[in-house]
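One chain, chain A, links the two complexes that follow: it is found with chain B in the first and with chain C in the second.
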Partner chain A sequence: MAGSALRADVISETRAPGLDAGQIRGRRLREKLFIACGLASTLVGLIALSFLLFDLAADGLPRLSWDFFTSFPSRRASAAGILSAWVGSVLVILVTAIIGVPLGVAAGIYLEEYARRNWMTNIIEINVSNLAAVPSIVYGLLALGLFVYGLGTGRSILTAGLTLALLILPIIIVATRESIRAVPYSIREAAYGIGATKGQVTRDHVLPAAIPGVLTGIIIGLSRALGETAPLITIGALTFIAFLPDPPITSEFPFISFRWLFDGFTVLPIQAFNWISRPGSDFHANAAAAGLVLLALTLSLNALAIVLRYRLRRRLQW
Partner chain B sequence: MNQRVEVAAPVVAAGSDDARGRPIKIVNRDVNVWYGDKRALHDVSIDIPDRAVTAFIGPSGCGKSTFLRCMNRMNDTIPSARVTGTIEIDGQDIHDRSLDVVQLRARVGMVFQKPNPFAKSIYENVAYGPRIHGLARSKAELDAIVEQSLKRAALWDEAKDRLSQPGTGLSGGQQQRLCIARAIAVDPEVILMDEPASALDPIATARIEDLIDELRQNYTIVIVTHNMQQAARVSQRTAFFHLGKLVEEASTERMFTAPRDKRTQDYITGRFG
Partner chain C sequence: MREKAVEIVLFLCAASSVVITIAIVGVLVYESLAFFRSVPLILFLTDTVWTPLFANPRYGILPLLNGTLLTTLVALCVAGPLGLVAAVYLSEFAAPRVREIVKPTLELLSGVPTVVYGFFALLFVTPLLQKVIPGLPGFNVLSAGIVMGIMIIPYIASLSEDAMRAVPQGLRDGSLALGATRLETAFRVVLPTAISGVAAAFVLGISRAVGETMVVAIAAGQQPNLTLDPREPAATITAYIVQVALGDLPHGSIGYQTIFAAGLTLLLITLIFNILAFWLRARFREAY
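What follows is the complex of A and B.
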């Protein structure tokens, strides 16, 4: 009874008194117009992206060859390659991941599961969300003062890794917290109910269920780090580098070396930037090719995130 | 199957045992619960008999679950909840500082309204509790505990060939029996059940009820139900809650034949609820 009265209300609302057929037609037209506008703006984005890709591929594809990956940069465009750049990118991302992932995940778990809700955690929470929006150049300035001048880590792979780790920390923290929050409370209750401790509940039940989301956050963070240029230029990445960092494995005891951490470096986006700022279309083709490699790397990381999320989600069902 | 008993008809509780003369397992005195400023439970005092089934009935929102969760201190996991009063199990105050809440929850197991198996294999669901409490010294011992628990929960025949498959792949009724097996596996003395059959179909419900009747040989069981036929079928004692207060508590037989309080009468004859 109450339901039908309510429905009658709704109907009289939509057919408000004084709204004639013309006005209704006008309303429908506006709706159609809105849909058309939405479609058009989507298409603009799509067309721009494919044009960009096409342009990049047209310039860069002819330059992609085995030699391009195994050569150092050179003064001759046709002989130049991205060896030092991709090795630099891989090493910097490695350091970023080793530092940023455990810190970010641990902070996320702490904030979500252990921290008391008070003004302190509120401030931390607001700060973490704000940090995600800080322009990356600011991280570069911070790192220049803190790591390069303060701790004396130099213009090294280590400094770059530390800087990018700071940059992606908020992304990983937020992703970790959100995936932990999405774990149904009934799972925790079940574990508490048979006498699991808080640590056991978190480790054995909450984290495994949150893993897909956490992994996605990590990968998205790392692919963002992979494309960063500004903070690395700020801390003094090299733009022309014709040697590789010290090898991590040596022939003498203890067979492992960390000297590479303190070597100078360049990364793919900086290499591309360096080439594009030179005159001459030969170097521009190199830049396009390096851009393609970077794009392929980022896209495959994102694809990996999607696949992982899908497969892990399917394994976990409630 | 669900219609074995009419709502308002007088019923004789399962068996003729009304748990009179049984030793008392849990003593509750003046238990109050607040959620923030809101008082959910008012001075509840009730004795729970050993190795018998006690049913809590009452309209939804009257505090049955809240009270049930006091007895294994599950309310501790809700930040806004505050509990006062005395609860003693075998004479031991469960709020005593020297008592370990983890230990308490191993002694007082819980089965929830919605079956909530872990996203692990059937075997792991049952083995998890014994493992974290260090109850098995070898794989063989753990296997034995898993088998015995599944047998006691009447799930062994259906599960023995698929122990490594996910517990979430079972039917709703089987999942709930798995949750009972999981609770049994840590060798509790008391099992608290919060509407364990409300999400199940009548046939699965009947199996759970039969199981509860068997389990009372070895365990003290407290079951919340909003289904009065169920309370009549499985319990020896029944307590009626209304608006956060314990209105009346008696042998199930007397409760359904001669309730003393007007509110109890109204509720079991279906006048509100």
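What follows is the complex of A and C.
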């Protein structure tokens, strides 16, 4: 390998009379310089991320204590906590997952396995890729006009969950389609060959083989929903919530209550935004601490998704 | 029979995405039409003052549009060169092992919530910039734009890299065989070949910056400002929507309708960029 590279050098130097050794060295040098620049540009994002983490940790770490997780927001910065925010985030994400995941996966399965090549399919496909590019705040406007005032679901956990479910739908659909497409056709043919119906092939063979990729898409979608702020502000999510939603489990029959769906709420990113936008720096430490919690959650979800994808890609080879 | 039922249910799920689009357009157009009944479209597009919540309201979208495009321009100045160089490096120079580590890390960056980026812009980048540029106000376009640029680097880099990697190896081999260095090959052969794919990546990056909300709402200020100076504060379309949504405006009032008109403008701008990107990519695919 090294030998042939060396010989190539000799050839290019002897066969190119117009270029002297200095010029060639100059071209090589330029290439080395570019590689250094390339590496630096690639790392800019990473460097920014580490600065960001460092900055958040420096401001927010002192505020992170047990009390911070078990206290409601307060007018005094030192007493304020994120109890209502993280409970709200958990409940909203729950609603988002319950609505968004089945809908997205089903749509993905339809488009990849069932859809015939016709104008209807084309419209749906173009439409999904367009939806993925719609700014998130526009989903907030949709929710404000349609859910809050149109259907009268109010500024509730249900509205927020629905909004975010619509927002992550394209992400889940695209991920589902890509992982289903990666399932080799021979698996389907083998199943058809022994008499399985289309539904059975899809349910028992295609979907299990595609599940890692689908799961990755779901995790990335939910992590996106967790960090989303703008659409929830638009539906008018309150920022000062010093109460918890109605408990989902009650002591009387039927023991399950869905009243929490219609309660007001706040979520972690909104709480963080609220604290950032207060004048004075008292609340900035709280904002940093809340941001740190949020960042830890979304980054670990994303890391999980990435690890999942790369490990399974290596293991599954057809 | 059951098979058919399953197919119909799945089809309805897929069709729901079309319903969402119709609903988005429907809601925005419906509320905007109410708005344009009181404010003529021509005034909306040409008036240079946006003060819809004042006693003497003026409804010119230009200052907000200006804020949006200015922050996007700053972001592009940051993300364009860096993203492109990173993409060329990843596609043409990086060893497979380096790429295997870097790509997932870039994906990780896109998982950072935008509100955290906003915090970073307001409380880290702005103070830093204030040391270099004396007299820089606490809210300014520059800081928000820079952070937004950092935010879209992975996006531009990753999409551009995909486009460049799709260039057939034969073209590179031919260039190298003629004595070009890898750098010369990258910029004179690979990049020109992949140019429409790379351009599509840029356009999608722009579209994302235009629709970005939290960074600008936090760090660029809430003051509509018709300026070309990135050191000044300027509200964007998205920041205005956030501002209005935070102060509880009564449903059906003209103030409430303004955010839908602003949202429709935003949707149209991003739609134009997305169609442009779609067209560019289709062209790229045609070539190979």
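Here is the rule we go by: the second predicted complex is superposed on the first by the 274 of 318 C-alpha atoms of A that agree within 3 Å, B and C clash if a C-alpha of one lies under 4 Å from a C-alpha of the other, contacts with A are read in each partner's own complex, and residues count from 1 in each chain.
Rule of thumb we're sticking to: a residue touches a chain if its C-beta (ideal position, glycine included) is under 8 Å from a C-beta of that chain, and two chains touch if they have at least 3 such contacts.
Keep in mind the model is a prediction, meaning the values are calculated, not measured.
When the two structures are aligned on the shared chain, A:205 is found in touch with chain B, with no touch to chain C.
When both complexes are overlaid on chain A, the residue A:260 reaches neither chain B nor chain C.
Applying the stated contact rule after C-alpha superposition, one finds that A:68 touches neither chain B nor chain C. When the shared chain is aligned, chain C comes close enough to touch A:276, but chain B does not. Of the two partner chains placed by superposition, only chain C is touched by A:134; chain B is not. In the superposition on chain A, A:192 makes contact with chain B only, while chain C stays out of contact range. Chain A residues in contact with chain B (one complex) as well as with chain C (other complex) are 197.
Contacts from chain A toward chain C in the complex involve residues 12, 15-16, 27-28, 30-31, 34-35, 37-39, 41-42, 44-46, 48-49, 51-52, 55-56, 59, 102-104, 106-107, 109-111, 114-115, 123-124, 127-131, 133-142, 144-146, 149-150, 166, 169-170, 173, 197-199, 220, 223-224, 226-230, 233-236, 239, 269, 272-273, 276-277, 284, 287-288, 291, 294-295, 298-299, 301-303, 306, 310.
Of all residues in chain C, those touching chain A in their complex are 2-3, 6-7, 9-11, 13-18, 20-21, 23-24, 27-28, 30-31, 81-83, 85-86, 88-90, 93-94, 102, 104-120, 122-124, 150, 153-154, 157, 179, 181-184, 204, 207-208, 210-214, 217-218, 238, 241-242, 245-246, 248, 251, 259-260, 263, 266-267, 270-271, 274, 278. Interface of chain B with chain A (complex): residues 72, 74, 77, 79, 102-106, 109-110, 112, 114, 116-119, 128-129, 132-133, 166, 168, 179, 182-183, 185-186. Every residue of chain A that touches chain B in the complex is listed here, in rising order: 117, 184, 186-197, 200, 204-205, 208-209, 315-318.
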